[in-house]
């Protein structure tokens, strides 16, 4: 698995495709990918940009531990976790989690597990830029949808 | 004989501190370190504390050379 | 949502990136992508290729209905479902399901719902090429992983 | 006055038939159509039946101009 923090914009799908190209074809039957991108609205306010702070050293360590727990829980072949830091523009990718496995159940479950743990445990903090100034996001919302 | 103290995000702005180095004294707990560094400012109820880059619960005693970090709930991803 | 059957090989991540490029940036905060690829083994046998049969007319109709049900159940912004037909080589993509939503819960749940329904209800049939000859796959396995 | 009958995948190979056109007679059910077209071959227990490209359960009566399809459990994705 490869885990990386990036200070600059990246194309999440090109990153996933590039990583997959290095894997042995025929072994993975399933890849599950989650991409989080910066929206231009949040909690009823217009958002014009974001600053993403992290704890150098602990953030990488925590992401390693999340991925290690996922590897213990499911049968995974490989994975890629990229997370932005610093100043982010509207529409840019904030995070990508990609998991390869022989079977889809493992890939889908592990991908979701990693993004949920990352959202609730990994030391990152978002400061939204609003028309009126900066606002620290206070809490991530639940990743489990209510059906309409 | 020192403890490194770090603050992140809204707590960094609230305390006006990024990092502090304090003398180590035996038996100092996280909340005592907080009080010492931020001049008695109340500790937020939802604060997260890490010692040497691992989350800790309760009010652990710090060891010499520890790095103690205070931060608000995380909001990455 | 765009639903399409393809007789030739495609790069799933380039397709998803190309489709996303046409969406309004800042509206989607989450994209969930599943890619199924052809493995070189199945049920203990070496697989050298695959033929994918479908029911022209009914297959497209069924995929439309699945996506419509997903749109009724979750708050989705857009989606892309591409499925291969005909002769497929090892490592090639068989299916890609990509869902865009404001929030990750909706995107992840809908993506999984669509791939599970597709696997169990959409009229496609796989014939594996084994060293000893062709073998029709008899049943798709469950998409819900047991943890290790 | 006809019913179009289709077979897919392993049932196409088993019956040796891809498509058949039979005369419509009132009240014909799916299993009667199967028996007529495949010369009495047993209907597999796990067969799936679609009428006019919609799944049907049980043994529905076909209408004139219907398209009736027989196929094994699906295995796409």
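In order of appearance the chains are A, B, C and D, and numbering begins at 1 in each one.
Assume a contact is a pair of C-beta atoms (placed from the backbone, for glycine too) under 8 Å apart; a residue touches a chain by one contact, two chains touch by 3 or more.
All figures in this text were calculated on a predicted structure; none of them were measured in a lab.
Averaging Cα coordinates per chain places chain B and chain C 48 Å apart. Centre-to-centre, using mean CA coordinates, chain A is 22 Å away from chain C. Spacing of chain C relative to chain D, judged by their CA centroids, is 27 angstrom.
Those residues of chain C in touch with two or more other chains are numbered 36, 115.
Chain contacts here run in a simple line, from one end chain through to the other with no loop closing.
Those chain pairs judged to touch are A-B, A-C, C-D.
For chain A in complex with chain B, the touching residues are 36, 52-55, 57-58, 61-62, 83, 94-95, 115, 118-127, 136-140. Chain A meets chain C in the complex at residues 11, 13-14, 16-17, 20, 25-41, 72-75, 90-91, 102-109, 112, 115, 141-148. Residues 6, 8-10, 13, 50, 53, 55, 69, 71-77 of chain D are the ones that touch chain C when the two sit in their complex.
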